[in-house]
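Look at the two complexes coming up: chain A is in both, with chain B in one and chain C in the other.
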Partner chain A sequence: MGNRIAITGLGIVSALGMNVSENLDSLKKGISGISSLALLDSVYKNILPVGEIKKTDKQLADILQITYSEEYTRTALLAMIAAKEAWGVSGNNTDRSGIISATTVAGMRTSEQHYVDFLQHKDKSHFVETHDAGDSTEKVADYLGINDFVTTISTACSSSANSIMLGARLLKANKLDRVLVGGVDALSLFTINGFNTLMILDKEPCRSFDDDRAGLNLGEAAAFLQLVPEDKLRKTDHVYGYIAAYANANDAYHQTASSPEGVGATLAMQKAIDLAGIEKSEVDYINAHGTATHNNDLSEGLSIMKVFGDEIPAVSSTKPFTGHTLAAAGAVEAVFSVLSLQKGLIYPNLNFSNQMKELSFSPVVKLLQTNVKYVLSNSFGFGGNNSSIIYSGD
Partner chain B sequence: MSTLKHVYLSNSSLFVNNKLVLRGENPIFAKFLKEVYLYNLSRYPKFYKMDALSKLAFVASEVLLKDYKHKHQAEEVGIILQNKSSTIIVDKKHQASISNREEYFPSPANFVYTLPNVMTGEICIRNGFKGENAVFIVPGFDAAFLMNYLQILFDNDKTKMMLGGFVDAGEDYYEAFMFIIDEQNYKEIQADQLYNLYKELKENAETS
Partner chain C sequence: MSVYINGIGIISPQETIDNNKFLEKIYPFDKDYFKMIEPAYKEYIAPRDLRRMSKILRNGIVAGKIALKESQLAMPQAIITGTGLGCAIDTEKFLIKMIENKEKFLTPSSFIQSTHNTLGGSIAIGLGCHEYNMTYVHRGFSFETALLDAQMMMQTGEINNALVGGFDEMTDNHIQLLQATEMYKPNSGTVAGQVSGFFVLENEKKSNSYAKLLDLEMIYKPKQTVSTVSGRIEKMLLDHKINKENLVIVMGYNGVKAEEDVYQSISKQLFEHQSITHFKHLSGESYTASAFAFWMAAQMLKKQNIPQAILYSEKRISKIENVLIYNQYQKTEHSLMLLGKC
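Coming up: the complex of A and B.
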């Protein structure tokens, strides 16, 4: 395997809680973070449930012990909280450190409040600076003093899985000594209205891999992992797990939809298993993308069947806990996957009741306590940007 | 450079391997694109819903791949393009539909084309390519960067065959330079030669 990539820090803020232990606690208790929208003024307030973090921007700034100002978008604040937890103190004093963050919504939540004013009043123009995708990454980089490599990835719902992959590759190529990887997305009218026009939002809490599923719930979150190549580990580093392998493959099917038979998803999972050099039977748990849209769960389910055949490991989607956190999803589920390895837990797929007729398997519905050595986590983006990452415990 | 199949489209002219094969009768970009499409390419109805940039890249790739014999699986083929103006034509169209308060209708049909890598996506969808694909925005065709990137892919056994090039379009200019490179010939192609070829084609198109 050569020089393995160790995971030496975890950080997360989601509708399940403001740090790793609060998130783990909700996962163990089976308490979903899906609720009514409270902190954003939308006509869909009491219609479309969401995975919302119930803290105002001012409260988020207080957690960070910084003075709240318009310089910080909600996206940046969420990213800073999760990044700080993952970077800890162990990240400091690194020779060559980097950050790769992912976002799709960027500063849109703020921009959309002021959009009409921008055109007439120059005094709102400072929000333009916080609009682009790189802004939240740069805020985190400044806050933590990470400055050797700073970049942002935006590839729809596989964004932060791809930032984890890029980080691992930079370490393997010896371009960096330590890297913070992850992603963030805040809820915004833009995403709620946009996904609503696509008619893929469920008015009920989402039901991943259920025959009666009716779409996804959007969520907001930030999650980060600190990565270090094994030969650069310090005595003070705590190793939570390893990145065993990863792969990204496209569908070559449609600009905005996945192929029904999941061509790219199959390729991504298969390539990741090959790269890990393990037997597919060694995968103990698949943390599925499982958004609960018709299209995703069908194509992902069929590709799991294609890759694993008769021996399908435990599968569940944690989207019914957090909502679909878009660019953050890959990193959120990376944190959950590492916790699964560490604690020997397989999380329940909440809200499941009806077997999908196209599939030979159904998801895990109760929390399982078992030995978990390999977790495969899927993140599939619009138009078939498919990423699979395998995490291992030792 | 004789081993490299390439096409160049600009100024109502289509060159294949430096030979002028089509001279458009109409100076209008959209009409010329349609002329190239109708110029013995196979029918592909999705062509009509593409934006101008994707149409340009698409017809270039179709001309390039037509009659090109190779033994590679589509899944092993990828495409790396460069571009200067991103998707400015469709961006302006989309912005106009947002700014118009009376007839406010930001069309999803335009929106999906407001990313330059949609042009590589269209080509991948058409041909079933599943290899590396990306678009890099650069101030002008950067042969050194492109060749370096392609060579890394071949050296690391990530691909067997690639399409590469520079595809760019704005309100009153457009050009597409595209070539096929494979595991056999990639080492023979030097970035400066490639750049000189591009310059030569550009000059030929301007004076044709």
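Coming up: the complex of A and C.
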């Protein structure tokens, strides 16, 4: 197997809770985090449900025990909380440590509030320093004292799956000894309105893989994983699981839509299975991208059928729990996948009632307790970016 | 295994689109920031597609096409881009409309084109390329991480070639925001610019190769900047057994005193006998300005020529064997790139 990449830390903050155990608890109880928007003033407040974290920026700063100031965007604060949990104490005193984060709209939540003033020639400089994608990553890096490698990825909704990939590659190339990988996105008017213009937001809680699905719910989250190559594990490290394989392919079809037959998705899943050196029948659970848009679930569903044929493993989307957390989604679902391996759980696909006509399978609807050895997690995004990662228990 | 630069396409505030020319005529910036010298898009992109494309997409697609054509690579095994701000114009367009219309009556086109990976995705669609596709967005490390990723993937045998690009655009609004900060303050600060540079990297040398990428390092917020960076430079030169007699230096001089002091100190400490060149007076400052420096280094090595316009301090050199680029963004992201003659 060569030098495997071990997962030695997990951290998450989402609409399901402020840490790993709160998230796991909600997953087990089948309690969704989808609700009405409360902390952002939008005309869609009572129209479009979201996966919102019910803490103000000030409350987030308090959790971190830092003095709240405008220097910290909501994006940075969320990232810092999840990163701190994943890095724990074991991350300290590492020879060469790095961080790879991911975000799509970065500091937009703050920028869009101040841009009004800017357009009216009032205050000008306020937000330019926290607007770009690198800001929240550097805030985390400085907070945790990680400085040997710092970078950020943005491949739309597949972003943090790609951070996990780059992290693993850096460790395999022996450029680092330990790396924190993940992603973050805060809810913003920009994304709510952007997705709304595409007419892919459901006014009800989203129904992934349902024949009557009507679009996605946006969510906000941050999630990180700590990765260490097996030969550099320390006695104090707790191993949650391993990264068995990963693949990144492009659909090369349309800027925002997936190809009807899911070319990129099929390639990514097939390649990941091949690289893991396992039989497809060994995959116990697919944590699907499953956004609940008409286009994604059809295209992803068909590509799962193409790859797995008659032996389709348990499939569910956890987006009805968290909402679609954009750049954070890949890492959020990585944390869920690792917990699935650890606890032997397969999560229910909430809100499902009608079998999709085009598919030969339907998602898992009740929490299953079973032996889980391999989980395949899909993350797809605008720009045709398709990433699949396989996590293994041992 | 070495990584060779086998094709280049770069659009910038200078006449860089023709790879046979090398800064023969210089264009200064005219107002607020450096604007791109735009190519004749119609020669590269069908009119039907051109209408729907923002400027940043047009420039990136043209630059990518030129690089691929020059290297005679029809289908890259990876498309890896780096950008600090991404599609800034479309992001701003959507943002302003949303604010002005109070979230009503919006259309999706600028939102669709606002993501950082729009260009990487568009190039893939144009080529029908289903391979690895990645976009790095970390300030002064954006282009560097893209290069590093390509280099690592070639070293591990995952790929044999890649199309790697660095791109950024400036907008009339964004420059106003920047000019309110110390770094871009008119007269005392630096001048913003924009570049879209694409490079075909391959693991084999070809007759038209420009140069080899020997090494690449990113240094984040070094504690003692001068001693840390100079230490890393010395180690890099030693690792690759570089003869300093045939070495040319590129540094990111940008008019900001605190940054220039670092370049000065390191030059004094390590490169008293080397020619020092600079580039931001031609490209302007941006998160991906180093793509311009990378092009310059490749051209110097291939053409064995240092144009007058880029000389910061000149020393006699008989043969250019290596070029070292040292760049920084706002004292935070420091990068070293070492190139060698083929």
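Note that the second predicted complex is superposed on the first by the 388 of 394 C-alpha atoms of A that agree within 3 Å, B and C clash if a C-alpha of one lies under 4 Å from a C-alpha of the other, contacts with A are read in each partner's own complex, and residues count from 1 in each chain.
Here, a residue touches a chain if its C-beta (ideal position, glycine included) is under 8 Å from a C-beta of that chain, and two chains touch if they have at least 3 such contacts.
Quantities reported herein were computed from a predicted structural model and do not represent experimental measurements.
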Overlay on chain A: chain C relative to chain B, clash or fit: clash
Contact breadth on chain A, by residue count: chain C or chain B: C
Contacts of A:Leu37 with chain B and chain C, given as first, second, both or neither: neither
Touched partner set for A:Ala272, first chain B, second chain C, both or neither: neither
Partner chain in contact with A:Ala223 - chain B first, chain C second, else both or neither: neither
Partner chain(s) touched by A:Lys172 [first = chain B, second = chain C, both, neither]: second
Touched partner set for A:Gln255, first chain B, second chain C, both or neither: both
Partner chain(s) touched by A:Gly264 [first = chain B, second = chain C, both, neither]: both
Stretch of chain C, among 113-121, 239-247, 257-265 or 329-337, that runs into chain B once the two complexes are superposed: 113-121
Residues on chain A lying within both footprints (that of chain B and that of chain C): 119, 197, 249-256, 263-264, 267, 383
Interface residues, chain A side, partner chain B - complex: 119, 197, 249-256, 263-264, 267, 383
Sites on chain C touched by chain A in the complex: 79, 84-86, 94-96, 98-100, 102-104, 106-108, 111-118, 120-122, 124-125, 127-139, 141, 145, 149, 152-153, 155-156, 173-174, 176-178, 180-181, 218, 220-221, 287, 332-333
In the complex with chain C, residue positions of chain A that touch it: 42-44, 103-104, 106, 108, 111-112, 115-116, 118-119, 124-125, 127-129, 132-134, 137-138, 141-142, 147-156, 162, 166, 169-170, 172-173, 175, 189-190, 193-194, 196-198, 248-256, 263-264, 267, 381-385
Touching residues (chain side chain B, partner chain A) in the complex: 74-75, 99, 108, 112, 118, 121-122, 124-125, 127-130, 133
